[in-house]
């Protein structure tokens, strides 16, 4: 019967294949709802290995939801998620996660080093001593984000940009192959944004995969090489050069954005 | 049983009738005042207020005795309890605003410390000559047994006054409870309304002390409001429903208690309110557990059915076992996974609607319309028949299914 | 010598029990406060009463073990009901707690009034205020009794029970320190690295319930709530390190227990009255006084990290 149903096949959705074992994060038919309203509907996505990928879409389009549901942080109505071809539970050691800065209480009684060492929890477990090597790793991670001078600082004393760098350092300490970042540039200063993007580019150069929820359309082309456009449903996915087009953005954001802002964006004209 | 009926019909004596009326008024006042607290997400502040009355009761007793009075004057005790409840309330606000401690910690600290201090005072009073039969322990759990006529009058009048105050203040308080930011924009002094709200909560607590006791009066402030929330989404309706639920619990509870000597008033009133809550939690339409579970299952089935049909449209294999089960159960695919005629027809309709959506999203500039492209909302719900006909024109000739 | 003998006989065990109960509650209290769940201790301590009443009605005795089991079961039922109302009914946590603990408490009082418990020592006031003063060591004749097996066998059983519970909770706090800290600070990250966050949260609440039940047995429920909240809250205002906060809470709990007991026992005598006041109430009041001082003068009383932007 399959041949008899050659109806609309959406561009960019691979037909009929299972999850790609090489992909650092592949999602099939992911539906998540808050109440009776889908936040994501039947989303398919296959992020390429060794790429800097952005998840882009309007507010309330389910960008962060996609990340959280992929990690199993929130329940999904349906869907299959694989990380490097494995179910998420088997691949936790290969994932580093940077949650939204605002998701935690920065008044918590702890220090910068302590937060970074949380990234080593899967290696340390309940009792293993924090060795000199672990400490060196944490210091190195702080150095990579330009925060080496803040190691013993109370986290409540950090600025927003510094908080974000600490979260990134914790992810670096996880020594993962896939880095998932939820709005890493939200509310940070320009210096921090540059520092973060340098770190992410260095990760990519090491062959790691990076996926970030991103809201600033003007920097997508500059920062990322792969883009996933989403507005409850998957709108387009592919290399920035061919996918991040005015047409795709108009489709994702609705007409208004196309009419007013698209000309100002550094877009690759498809 | 006939005793219960008598009490319900206010035929069980003057005191019992006054108590029943007082309990109904108190329940009504507690339900409405509690609704404001609940909507402001501060339900447990009432717990701090209630426990903070105890030292006031003890101090008032000691002061009245020191002044040569009798010490058991209900009016005096209630004034004392109101003062210490107010002090407790201010302390909760001060701790939550001025220190890094969150409001829940402030509430817990104030309620336990005030209560502990109150217990210390009670043990002091017990050592006094006149304290031995003070009966202040009644304020813990409430007691209508041996209540004086004037006590019943105080409760009934107090209840009526609080209800009247709520009636007068209902508009600003509803505004603030619903959306404090909007109320401020309208020029309402949020802080004063909040204080008035707390004043009412305190008044309810104080009046309820003798009747239901300081531990259980919290229940009257919380349970009816939460119960009412299950039945409606409209603030005013929640408010008056909570009042009626609270009033009914108070009235029936007081009547039951008057008819049976071993049924203490406070717990009975609370258990009736809790029973109404349990029924609402389970069976309320839309927000009740059963309704929510059913609609979640329906929603899940809708999602899987739709996803399955979309997979048929795109000729993709279906892996999800739940999707397969639902499609099979509805006769849309055969047991071997091949689509039936009905399944193909539905898939064709979905394919057409998807293409219509593509056109609609390209044509319409309005994100609030295209934002409803969520996979489940039927296109007919968003666009008129004329608009859809227009999309079909732009689509060109219908594609033949199976061609 | 006689003073010391009196002290060992009448004050040593109540003070020890008070200290251990305060520590057992303060330890989980640290994490409950940081998780904005401080009032779960309030809820648990209210439902202990229905738990022991039901245990009495089922077993017909007021032996300690069935009472403790009943109270523990009631605490678990309450926690399950609160979770169910929160999740299934979509009600905010504070209101859900308020509904559950008041309803269960009312049920407990009603059962108590309906059942014939007049011949046993089981009443609401005892449940609220405890009887710390009565937990004395009859056989003790002085400090030497600490080495006397016969006298030691006469120690109040409450002491052994609360000691075991306090030790168990201390051990659990040390063992699960890292996951507790991690999941309290950043639940999303904890889930992402595969920590069983819900199990950790439930374990914490169960530990709090066990502490509440064991402490309640000796000192009543008011001081239980006070010890869950006041010493950790005080320590929170004194330091920015979690380890220091937890140690500090143990210190403040101990201080409150000792000062409160001494003030309750000897304070009225100093003031010329002839009888003591409630020790449990005084311990709660003292812990509140210490918290009040910390609110006014604590070096880290202010909030930080809230308005951190750009």
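Letters are used for the chains, namely A, B and C, taken in the order the chains are written, and counting of residues starts over at 1 for each.
Methods note: contacts are C-beta pairs under 8 Å (C-beta built on N, C-alpha and C of every residue); 3 or more make two chains touch, one makes a residue touch a chain.
What you see is a predicted model, and the numbers here were worked out from it, not measured in a lab.
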Centroid comparison with chain A (C-alpha atoms), farthest chain: C
Closest chain to the centre of mass proxy, which here is the mean CA position: B
Chains linked by the largest number of contacting C-beta pairs: B-C
Distance between chain centroids, defined by C-alpha means - chain A, chain B (Å): 38
Length of the line joining the C-alpha centres of chain B and chain C, rounded to whole Å: 29
Chain centre separation (chain A, chain C; CA means) in Å: 43
Multi-partner residues of chain C (each touching 2 or more other chains): 236, 303-304
Numbers and ranges of chain B residues touching at least 2 other chains: 100
Chain A, residues touching no fewer than two other chains: 107
Residues of chain C that touch chain B when the two form their complex: 33, 36-39, 41-42, 46, 85, 88-92, 94-99, 102-103, 105-107, 109-110, 113-114, 124-125, 128-129, 222-223, 225-226, 228-230, 233, 236-237, 264, 268, 273-278, 280-285, 287-289, 291, 295, 298, 300-304
Interface residues, chain A side, partner chain B - complex: 1-10, 13, 15-16, 18, 28-29, 31, 33, 36-38, 41-42, 58, 77-78, 80, 107, 231-233, 250-251, 253-256, 259
Chain A-touching residues of chain C, taken from the complex the two chains share: 34, 175-179, 181-182, 184-186, 188-189, 191-195, 236, 239-242, 244-245, 303-306, 308-310
Partner chain C, residues of chain A touching it in the complex: 68, 71-73, 89, 92, 95, 97, 99, 103-111, 114-115, 118, 121-122, 124-127, 154-161, 163, 170, 174, 180, 187-189
Parts of chain B lying in touch with chain A, wherever the complex brings them together: 100, 295, 299-300, 303-304, 306-307, 310-317, 319-320, 322-323, 338-339, 344, 347-348, 351, 354-355, 358, 361-362, 364-367, 370-371, 373-376, 399, 401-402
